[in-house]
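Below, each structure is written out as structure tokens.
Same chain, two partners: chain A is paired with chain B first, then with chain C.
Entry: the complex of A and B
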């Protein structure tokens, strides 16, 4: 059991999202960076969909009320357990009374805190994710705050070496480079944009602005113009869709995306790359790379294979368990 | 030739280190010295001898230095570390087992090369203990 001692607003309980209600106008929610979320769970032997605490703002401080296995994954933030530095991806044990400190996030935007079995919050409509707009799910439908308790669903300790475990995680952008590369498919209204706009969109960088939250990121860069000025009927949209409102600057829909929208859609970021947007912050730059449907399918396959390799690596590491005793 | 002071210093060092005999050869001389039975040390001790602890390989795999992508600063010889601070990792596929500092102190000597294959118990780092 972990007590929140201090935590800036916007930290929420998330799993991989609430599917199956899109047609009813209820968004999916879920982890903004599902890769880090899944890694934190994998390290503890959890189901990838187990609920974690998504922390978008730091510094933060937690106290372990009992001996507790835990995992962190995501943006580096100078995490320390009783002042001992921890790598940005780590799973291990804390003793009762231990303090977990997170310094300000320097690169990236979010990290995930996992416990065995996942965070013990009720399932609502098939998911433990917090639906902030509708104020349900997660921890009482709200952001976490000081004095809240994080309880694990499982009381069984995971198999971990005494010194803990870490794992390779792909960088969301190259070191010392503020450019995030995203592969995307042309979307329904792609051809409605004039040639110069389409060329600019696929070749010029965009800046991540301060107008960003779990619903989406507004970008700054080349202004795009749509040849057809006809107003569109509202239609279904999903996370990853790149809309272009009247001002001509793109908006990327993210985990708390609306289910409907009327802006023209120029592109859709492929799912294996969308997690990188969950780690984007103002000042980062984005480059869209056009890809084909078969390339997107191959990327999805490679994405899952990478998780398979981590699972195999964990099994191989557990085989060395005797050496950890 | 050796001065009397130098001879005296050599004799003291022999006693302090338990050396039975010593031979010094110059271009035109040779001195052979023997420690007297029961002679006690006269060497001044300037402070406690530095103590060291070894960080051993926690698993078998390939070595990954810290500071590349883990959010921790790069580790070099001379850097101060805390007890249980990760000094590097042993990679088993994409999984990494941290190699933790056995004590608070200063890293001395060479650090392992990236991708070097290590086995459980290999001495990987030397930590000069801080008081």
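Entry: the complex of A and C
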């Protein structure tokens, strides 16, 4: 059991999201960076869909009330257990009374804290994700605050090396490069944007602004103009859609996306690249790369294959540890 | 023959659209289409929008040719779904703190406040589509005399239960959120409750009648 001592009011419990209620207007929610979320779970031998704590803003401080296994993955934030530095991606044990400290995040935007079996919160409509707008799911339908308790679903210790377990994973982007590369498909109104706008969108960088949250990002950069000015009838939208409102600056909808919208849509970011947006912070830049459907299908396959390899690698590490025990 | 299009809104999400009038008869065709398409192999959900249809797919399709043929055929079959929906009566307070733009709507339309309320509450509205946020109903059938443009500066936190109009659409928000529409009233109604079965109070084809219980300019 982990007690929150201090935490800016934006952290929520998330799993991989709430499917099957889109027809009722309910968005998916779920982890903004599903890659880091899944890694944190895999380190503990959890189901990848187990609920974690998504922490988008630090510093934060937690105290372990009992001996407890835990894992962290995501943005580096100088994590320390009793002042001992931890790797960016780590799973291990803490003793009762131990303190976990997280410093301000400087690269990336979110980290995930996992416990054995996942966070023990009720499943609502098939998921443990927090639905912020509708105020249900997760921890009482709200952000975590000081004094809240994080309880694990499983009381069984995972098998971990005595000094803990860490893995090397690809960085969000190349070192010292603040450009995030996103593959995207042309969307419904793509051809309605003028030639110069289309060229700019696919070749010029966009800046990540401070106007961002779980619902999405407002970008700054080349202004795009859509030749058709008629109001669109409301239609479906999903996380990853890039809309262009009247002002001409793109909006990217993310995990807490609305299910319907009315702005022209220039592109749709492919799902395997969405986690990169979950780690985008002001000062980062975005480059959209046009891709085709076969490329998107291949990217989805490669993404799952990469996870398969990580899962197998971790399973091997767990097995080795078991054989030593 | 109406022009149709199939486009991508995600790597596993497609939008079908047909050029057609914005009325109940055409909307009923999209309801019928969503029922059929929801049972297709590889479709997770099929959800009607406002004279359009979105399909959420299991996997990334290698091309859109096959889906386009299927969707076009379904559209051109012209089948309509006639829903014997339920009628929800909602007590509504027009104007006041809960309806800050009632006077603006009166001014834009050139009608008196009382006439705006009379026209808005004179008829039953049909739920065309459910979406945007959980439980929100897009209602068709607004009197054209009440047509207004969206606001230049949207409200950032419109409370749940707020009645708004924009263009030829009207609706009552189901939870607090941003809105660019003109807000003319408020009601106490729970459109979405995750612990209720079904969670969403209304579905496409249901109807709403607004009973004015108070009018403040």
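One rule holds for everything that comes next: the second predicted complex is superposed on the first by the 320 of 325 C-alpha atoms of A that agree within 3 Å, B and C clash if a C-alpha of one lies under 4 Å from a C-alpha of the other, contacts with A are read in each partner's own complex, and residues count from 1 in each chain.
We adopt the following convention: contacts are C-beta pairs under 8 Å (C-beta built on N, C-alpha and C of every residue); 3 or more make two chains touch, one makes a residue touch a chain.
Just so we're clear, the structure is a prediction, and the values are computed from it rather than from any experiment.
K.L.:
Now for A:9: first (chain B), second (chain C), both, or neither, which partner does it touch?
P.N.:
Neither partner.
K.L.:
Once the shared chain is lined up, is A:163 touching chain B (first), chain C (second), both, or neither of them?
P.N.:
A:163 contacts chain B only, not chain C.
K.L.:
Using the touch criterion from the header, give the chain among chain B and chain C with more contacted residues in chain A.
P.N.:
Greater contact footprint in residues on chain A: C.
K.L.:
Once the structures are superposed on A, label A:309 by its partner contacts, choosing first (chain B), second (chain C), both or neither.
P.N.:
first
K.L.:
Per the contact definition in the header, classify A:247: touching chain B only (first), chain C only (second), both, or neither.
P.N.:
It touches nothing on chain B or chain C.
K.L.:
In the overlaid three-chain picture, which partner chain does A:282 touch, first (chain B) or second (chain C), both, or neither?
P.N.:
Touch status of A:282: no partner.
K.L.:
Which of the residues in chain A end up touching chain C in this complex?
P.N.:
That would be residues 19-27, 124-125, 131, 133-137, 185-188, 231, 233-241, 258-261, 265, 268, 270-271, 293-294, 296-297, 299-300 of chain A.
K.L.:
Using the touch definition up top, name the residues of chain A that touch chain B in the complex.
P.N.:
For this pair, the touching residues of chain A are 76-79, 83-90, 106-107, 161, 163-169, 171, 175, 306, 309-310, 312-314, 316-317, 320, 323-324.
K.L.:
Once bound in the complex, which stretches of chain C touch chain A?
P.N.:
Chain C residues touching chain A: 5, 7-13, 15, 17, 22, 44-45, 47, 49-52, 54, 56, 59-64, 129-136, 138, 167, 169, 174-177, 192, 194-195, 198-200.
K.L.:
Chain A touches which residues of chain B in the complex?
P.N.:
58-60, 66, 69-72, 82-86, 89, 91-100, 120
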